[in-house]
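In this document, chain identifiers A, B, C and D correspond to the written order of the chains, with residue numbering beginning at 1 in each.
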């Protein structure tokens, strides 16, 4: 039985508590939050859980085996560091930290103490993303040509991070999980419509070493909610629409083939088009967070390396840093350093 | 009665011929194309029309009042120049020319001879785009915050121009028509998946002097066809989906309002969200090309300045040039010079 | 403070308990269910609530002011009768009873004892249905021409009632709430694909005294889930799609106008068509059951007549009885007797 | 070379002329219509075609091999009879005639003279309907459980036939083509909102000898256009949406399985649900009328029996007659006599 303390009971915290509470081999024993009314709410739903306004108290609790951190990102590093130093395994909300330097130091701290450090890249635990990864790794898609994602809606404007850190982070974690390569260069553009605040609309292009490209459009200022990703391969192409009740993944047997030029047609390039069946595979319907919670508990118990480990968290933060830097310069490209070959 | 010669009877030419043939005060009297089988097709449908493989012959024809050019873009400048020098009014397919220098020279040539020079920016003659312009100019939308467009499908790969010149050109002409300001800086990224060929997937951001941003995603390599534009304002926001049979324009009474901070909520920015009714105005259903053909005939007859004149064509080409230059440099921003204040 | 006992903690019961628990002036004090594991679940979520396998015990409890019945329909009559006789106010799941005779006797029992008898016609407490009613009663729609509803999905096959009693009941309650007239005749058809079981696919037409018609298609055997209602009026027409995340109600400014014949057109009837704007009004977003729970508590407290009273429940059951009778005879029409003029 | 005369150049006639004109082995040599302006239009588009206001003249023309009839249905019988008696092969617009008696007499007339009699059941020549038939006949769908179709839009109100004869006729021809059985009983309901005019909204149920049911909802008074058919089988289920640009046919690997009762669950019937992949097969994209025209020419040339022969036309008219009769009696069921076993 893994005993868990959860820091932060705002928007996402209750989901984490609920999913860990539903694990047979885990138990949430303490919840911390600065806001008494949030603690009262936690207490009302989980009478057996201890609550506290003091995160240090939770971290120091010898009964706690693992700490789950669901606070604003600015607090991730300090809380995670304290938890690791107290010998606790750590699951931290995405993005793992505010800077790649912080992320690296967390990785080192966890490695030194042989503790689990996992980042809550929720999407990689969904049936849809796992199916996409399967289609890539089995070669069904062929060579990957592009990843294109639109993640927009109205609100909530964050005060501490720009829209890429809030929304594009999901795509970066998905790409990190499913793509055969990692970005080597980033160009991002964006705008803050509220003066003095972070960018609320942003576009981010990622370049790779080879004929692959990725792009994310993130916005807090769209009249409609869109969550749609295109994943194009040389053999097949996928549309992933996360707002579809069923059929979130559609696989198109479509693509191009390059032909030698023909004398009859000098006005069009000699690229052939192939369109075929469309196929919507049935997906696992488990709640992603339930799969993720089970995985974290398993990692803690068995010493398995998390699928979303600290390194994955670091790679995502490096891309976000590069994007924010590029965005300050109207799209000037920024190279990604320290990218390990996959 | 305006007598018209049409050069190029490939994909778009037949639509131009049909629409001018339907005008009561215009007459297509000659069609030129290099391909005899295309001329045979034109002859079959319009037995009274003269056909020729020689565009110079058409241009030299003293019976011709106006020349319509629907050839590959590389030929626009030479043909339009010849036609203007022969004293003919000219309507040229978009984009107006291959370079801004060529476009400027066409403008000068037409001005010197007091001839009509119009570019076929078809979209600005649609009911949908005219409604969008109306909503902007009457202040219904409030301040314009952004223009975001996705224009993707499978094929046809062009051999002479990249996907921005083929598809984004539509958005640039729409923006030129409806936005209160003009872009001052461009950052574009893209990729050619077929070696040695133009970019087939591209992303283009445009910056303005003020809190407005524009972006176009264009692709010939998408499994699904999308033609969707978001136009966000401070009071209302529009979704323009050109593939909708009806209800192409949806106006959302949604937006944000900026509030002073409150002590209770320190984790969220103090931006309020407003969502209200949605409204799909009935649109004029005339074929855009019919409206455009009538407008061209009227300009020739009355000496009116075309809504899509040579200057509009030039502004669009300048943006495309800047985008292509930026795309060669992975998104490095490129300034737009010679932008007249609006 | 109204103290409530809830009988039945299966699929719907937990929603009722949750919504009454959230009322400031109500309190769920006891829950009954025959299944111990369901009671354990209730206990786990609501530690302060008493649980019992014996509904009589709940009904006899002097601390209980009102009884909420969420059991299979076969039990409604006996449980509601017992509760009324014990002096409790009653809210009963839809349909109110298995027969119109039972429904009438419940109405009499409640009237004699001056107790509230309310049926859980949930839909009439939704923002969407209330907006539809408003558009009808204010005359926005003009004369109502038709109500047409499709309510289909895969599963759950019921063992005790046919698909009309399970699904069409929602439409009958909506129609009872929003239409200016009541059906005078019913024709229904259907089929049971599983031998010896109730019909799992059914079609039900309702006739009125005047040029209005209504139809419901209900099925447990459809590959896709559909919840779509058309409400046609002489001035406007509504599409109500309950699966839309937003924009559940769309109002079309469309219709017909009848013209005198013209000599030019002898092949077409002289009916004109009018199409105009579409409009999706913003709807109240409160959970229907919360509105309904508040309404029940208010009725108990103030003696107000429920909007979904026993009479409404009876009218719906009469239609279901007629439909089932018609369905046994392949659509032979069945008259509705005892329809009070509205 | 088959020489064709076309009677009726209104809404559908031009499509027939165009498609026969495009056949290499057919030629439209004469067009008849009562309206001079329609003939002028035909002449304008097809200068080589002879036009006449006198259908008898066309029928008597010895150069004509086959007559295509695209007039109001009231004229079908007289014109087709005259054409057959003049020794011409006949293709007649749907429905084949106004009564089953007329249809039978046309069949006899054609048989006696060994002439081709074909009815324009256009839908059976579409890629979508052919794919549905293939899925039924190969057993992919399993036993067919139901056919359910919604065919609604705003306008055009017909003055001579009710909405079933105008719209449901398409479904009856599709069912005749793809279903393994034929209806034995019909119940229909409907309403005429314009006094003295045919029903403009109608519902039609068809019963079979076995656990299969069919239903069509047809309307000229809907705010939205819907063309959607569900075809349910024991193994798979199909959604056919004719308004989808691509993916008109979606095949769902979903269904039910009937299990023996289990002691744990006495409230739900023991029917299991199976949901699996969805699949949208690529469809032939040929225009249906082109396939149909080629088929008619082939039947005339080779003496092949048409897929939509007079018998198919007769079966469809029998169902329409029964439906109209049932509709006059508020859904009273009407048996179909003379149904040949398939």
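Brief remarks on what is shown
Assume contacts are C-beta pairs under 8 Å (C-beta built on N, C-alpha and C of every residue); 3 or more make two chains touch, one makes a residue touch a chain.
Everything numeric here is computed off the predicted structure, so don't read it as measured data.
Taken together, chain B and chain C share the touching chains A, D. Greatest centre-to-centre distance from chain C is found for B, with centres as Cα means. With centres defined as mean CA coordinates, chain D is found 42 Å away from chain B. The geometric centre of chain A is 38 Å away from that of chain B, both derived from CA atoms.
Chain D has residues 275 in contact with two or more other chains. Residues 10, 72, 145-146, 148, 150, 152, 154-159, 185, 187, 189-195, 197, 201, 203, 205, 207, 211-213, 215, 217, 219, 221-224, 230, 232, 237-239, 250, 252, 254, 256, 258, 267-269, 271, 273, 275, 326, 329-333 of chain D are the ones touching chain C in the complex. On the chain D side of its complex with chain B, the touching residues are 47, 225, 243, 245.
Across the complex, chain D meets chain A through its residues 246-247, 253, 275-282.
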